[in-house]
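Okay, got some structures for you below.
Shared between the two complexes below is chain A, which has chain B as its partner in the first and chain C in the second.
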Partner chain A sequence: MSSLVFAQTPALRFSLRKSLGLFILAGLVVFAFLPLIIGGADPLKQSLRHSLQPPSSAAWFGYDHLGRSMAARLAAALRLSLGLALLSVVTAMVPGILLGVLAAWRGGFIDRAIGAVSESLLALPGLLLVLMLTAIVPDNPAMLYLGISLVLWIEYFRVTRALARPILNSPAVEASRLLGFGPVYILKRHVWPEISAILLRLGAFGAASAIMAIAALGFVSVGVRPPTPELGLMMIELLPYYEEAPHALLQPIAVIFLMVLALQLLAGRQNSGKETA
Partner chain B sequence: MSTLMEVRDAAVHTTEAQLVQPFSFSLEAGRPFTILGETGSGKSLLAQAVMGLLPEGLMASGQLGIEGETLDLGRPGSQKRLWGRKVSILPQEPWLALDPIMAAQAQVEEGYRFLRNEESDVARQSANRDLQQLGVAEARRKLPGQLSGGMAQRVAFAAARAGGARIVIADEPTKGLDVARRDEVIELLMREVRAGGCVLVITHDLALARQMGGDLAIMLEGRIVEQGEALEVLANPAHDYTRRLIAADPENWQTLDVEISSAGAPVLEATGIGKTRGGKQLFSGVDLTIRPGEIIGVTGPSGSGKSSLGDILLGLLKPDAGQVQRATGISIHRYQKLYQDPPAAFPARATLKQSLADLVALHQLEEVRIAPLMQRLRLAEHLLDRRPDQVSGGELQRFALLRVLLLDPVFLFADEPTSRLDLITQQETVELLVELARERGCALLLVSHDTALIEKTCDRTISIG
Partner chain C sequence: MRMILNRLLQAVLVAFTVGLLTFIMIRLLPGDVAYRIAAGRYGYDVVDSAAAAKVAAELDLNRPAIEAFGLWLYDLVRLDLGTSLVSGEPVWDELVMQLGHTLQLAVSAILLSLLIGPLLGILAGLNRGGFLDRGLMLVSTALRALPQFVVGLGLIVIFGLMLNLLPTAGHAHGSHLVLPAFTLALGLAAVSAQVARDAMAEVAQSQFYRFARTKGLPEWQVFRRHGLRNVAVPIVTYLGVQFIYLVEGVVVVETLFAWPGIGHALVHAIFGRDVPVIQGAALVMGLMFVVLNAAVDGFCYIIDPRRRDA
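After this line comes the complex of A and B, so read on.
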């Protein structure tokens, strides 16, 4: 009896992790986008008589030092972070995977050339690269997005290349080629089903690190400029008022924590090596 | 003769089903014991139950008596202190079981140091002596990657018994080996037997069972159907399954004598092809003309380039010298290949139905051709909804045959198509393969390490290496 129970727990724990992550993420998405649908306070509207007011039944999240609604600002900042992270991950993933497969497939010069570009980008610390780009063209979310994507694609490229090479050299692919199937079929039937789970998991981790990077840049006042609500920026703005209004400072921190936690839970390690298709 | 180990009523079950029926046996000093059975018959489970190595979810029952002690097989873990000291396992494919970054001698030395608690220089001498006795003294300072397969096997053997175990359990020790290497392994195991130890061999290889001698038990569907003196059982099999098993040994096949029709323009001509790999000349100056419906066997030891020859003929590999000429006007897709490991030749995550549908769509084939072919190949309809890893090796190899037959091949290269299949399945598969090739006028290049199999089935033979 006992060994059967043993065999079941990993699957159970896995689904619990995943659904918890999904639940938190869904909650954050609803919180971020609900104001767009049902309407809410303007995140930029100041009203100094509310300055640093603690949460109350009328305003659940209170107000910041300029009397702006924290709820509205958190929602707007979340939209920015989630949207930018998602966009960066997708932009990094698509060329990363395609280049990875290309390098694994053709090998030789192409492999070395793409590899060299990725390695030279890797030689720079990721945050520094984003910092440089945002310094060249300040106050432009597009630069932030470009910089993060430039850092992220390398991961997908390298993982895809490493995973695709043995698959492309396998007898199964040789058999498919002999039967007359072309590259699209081989990608669709042989490569993608084997690597998708790992890459999507990597995508969730990538989104988490993108969110952290955006916040970190905001915190050092390089990323998005005020008055645009952004989580890192909100932290640095509210830091001087820590004594009077700790709740205001803790809110963006909690939001980042929840967001990264949700993504990590979603991406989390699977217990058994085998994944069901 | 003394009893080294006694197993009483060893059985394996899950919560729902009995996988291995209770079986008792004893291992005598100086006498090998062989359990023979096909894949999935439960023979490995039995060995794992005895060692306490069953995978999660499976439970064992029964008792194990060793040196006057009795252990309960239902409590895995109680055998742990026997590992290495009393009982050791010779792993399948031993070169994978060695530490790739540790010199051979050091790996053997560990057994003496940590299991027998010898001082480090005494242990080194002991390890040295062992390697010398096995004739691999020059392997001492080498890493496993620098050893040949045979040497690695000896080193692994030395390491397995360095802890002083007198009982060696060998699970499929000859899997995928050619005859020369198989004899080496048998010699290695027999050396242990002669020294007063005991070897428990788990295998599906009839020749191995015959050569080991000693006691033999035949397993079928989790049950021992026959047991006794090995030579006696093999000479006078009592059970129907044993008889079929012996009849399925290529040595006992009927020679397929068919009129060789050398008519028809050749489908493939190779002139003077040669290939070198890793600085070693595999073959050179091979001339070969292949006509429709011909069955050509290729034999040679492993690593001799049998597969490379076929791949060159198919255009998958470039020859270093010579050239391959295909008949003009025949589609390139009519030159096909069957693989050694059937599951590795299909998209792993697509159902068989999906894979076949893809092929039908690509070449605009008539789907109605599939059903009669499936019947011919004795493939059940319901298998189509499964993935490659959910059907047996024999079935999957027949699916692979079905897949290539849909393209009406004129030349088929079968690369050890049955070396991973059980004897009876092997016979079925080869018979079908030959029959269908003859019927359809498809030339067949059959590669096998088994000379008997090639002799009995092929019109002519090429020997390389």
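After this line comes the complex of A and C, so read on.
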């Protein structure tokens, strides 16, 4: 058996999963942002004539209990979820990676100090931390964003630190140093290629858990407040009407399912990732 | 020994984080805090400056921030959680009762998930690529892409409303436990089934496992002597990671099913800005997380003799 074939098969299967994830995600992004470009119904505009109307050729997604367009509300909720998740992931990624490299590079006191901060944040389950932060300043998506970023950066920090340490101690980096290359070159040339490979995976998981957290908080009515369209909140609002309008309840569920599924497909299997972390 | 020390440190960190956050919370209550709390306690009609002053003195609202924070933490260390700003009852008394309900739910969920997940995972791992393996993969991937409350909603709609088999809210008798416990258990089992499946597949391919078969041992005995412990270690270790999911799930699932536990209390306290209850509930949930993790450490120590030498 040639090693070439061996190496190719899992890569191929991986790319199939990933491209499926990418495809779903792209579809959701188009659905979310198209109304901004071509214009669409106002997600807050009520019209009780339409209350709980099922999908029709005029309105593909029907109307909710207050006669608001489900399509517009779903798109707005998706923009909120995806936007907040992306923002949190990027906010968490930059300091997480920088601090991780710093800790691996300097070691000693700095390493232990940053490690201790991350441990103390990790001591509380993430959702609890976000929940308490939203309790400090309620009705404010900024607190959601802050809380989620605060939870997410730890994963980046830990993975980067674990990856960077052996690289920085490797003969290749030593050779670069002896040749007189500065830290910027070493980071760009030796550390970055290794780290960038796992960025997508960590980012996708981070975004998935951020989306779940936002929806869970909306669902227990602690996160975003009505009338802002938010997936978890929409579900709890539409639950009483499930018998008359199951389509309305199923739509936000389907959207969140597709979104998390797409991100998990992009990220690959969780088990192997957790063990290296 | 080191492990125990680490967990103790973690417990202290939990208490400190909770203390700090709730302290900021009470300082940032909008408006005049003393008036607001007094209004919450005595009703808006009977609040006067005397009542507000009394509340301010009681909660050290007049002292400088650092000093007040010290006192706040000192109360926490003495486990004096104060009284609820809304009901006026001591927080401890409420927490003890709620903790009982939450533990009941959490323990049933863990046991149920251990019954479902590893069993199916091991069967799938023994028969890799088979029908069960692929089916399990599909179902557990789908389950993991669904937030807990959606799974709970689905169960409510199917078993509570369509089939009318089980009650959907409350906790009057045993059947009320079924749906919330099952909701949590499904989420936990989705992950532990995959972990068990991977571990079992790896063990089944190992040389010692094949040799045990080759020498003619019956399948069950091979599994019991050579498979079980090896598979158990990753499953139990992974339980530690899953407890995050459990503690988070308790908040959501208790709220969904109106289960009168700590998660339910926490959400309601946040709604009512009842800071002492928030503090108490978050503290107890954080500590529960630490204790569960310590239990996992202990179990791994028992199952895996290799760790004792290290």
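Rule of thumb we're sticking to: the second predicted complex is superposed on the first by the 259 of 277 C-alpha atoms of A that agree within 3 Å, B and C clash if a C-alpha of one lies under 4 Å from a C-alpha of the other, contacts with A are read in each partner's own complex, and residues count from 1 in each chain.
Please note the rule applied: a residue touches a chain if its C-beta (ideal position, glycine included) is under 8 Å from a C-beta of that chain, and two chains touch if they have at least 3 such contacts.
What you see is a predicted model, and the numbers here were worked out from it, not measured in a lab.
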Tell me which partner A:N169 touches in the superposition: chain B (first), chain C (second), both or neither.
neither
Residue contacts with chain A in the superposition, chain B compared against chain C
C
In the superposed arrangement, does A:V222 touch chain B (first), chain C (second), both or neither?
second
Give one of first, second, both or neither to describe whether A:L178 is in contact with chain B, with chain C, with both, or with none.
first
For A:S56, is the partner it touches chain B (first), chain C (second), both, or none of the two (neither)?
neither
What is the contact status of A:F257 with respect to chain B (first) and chain C (second): first, second, both, or neither?
second
Touching partner for A:H190 - first (chain B), second (chain C), both, neither:
first
In the overlay, answer first, second, both or neither for which of chain B and chain C A:P125 touches.
second
Which partner does A:S47 contact after superposing on A: first (chain B), second (chain C), both, neither?
neither
In their shared complex, chain C is touched by residues of chain A numbered 119-121, 123-129, 131-138, 212, 215-216, 219-222, 232, 235, 239, 242-243, 249, 253, 256-257, 260-261, 264, 269-271, 274
Using the touch definition up top, name the residues of chain A that touch chain B in the complex.
1, 3-4, 6-7, 170-172, 174-176, 178-181, 185, 189-190, 193-194, 277
Contact set on chain C toward chain A in their complex:
10-11, 13-14, 16-18, 21-22, 24-25, 28, 141-142, 144-150, 153, 157, 161, 191, 194-195, 198, 238, 241, 243-244, 247-248, 251-252, 255-256, 266-267, 270-271, 273, 278, 282, 285-286, 289-290
In the complex with chain A, residue positions of chain B that touch it:
15, 56-59, 314, 316, 332-333, 335-337, 339-341, 344-350, 355, 358-359, 362-363, 387, 400, 403-404, 407
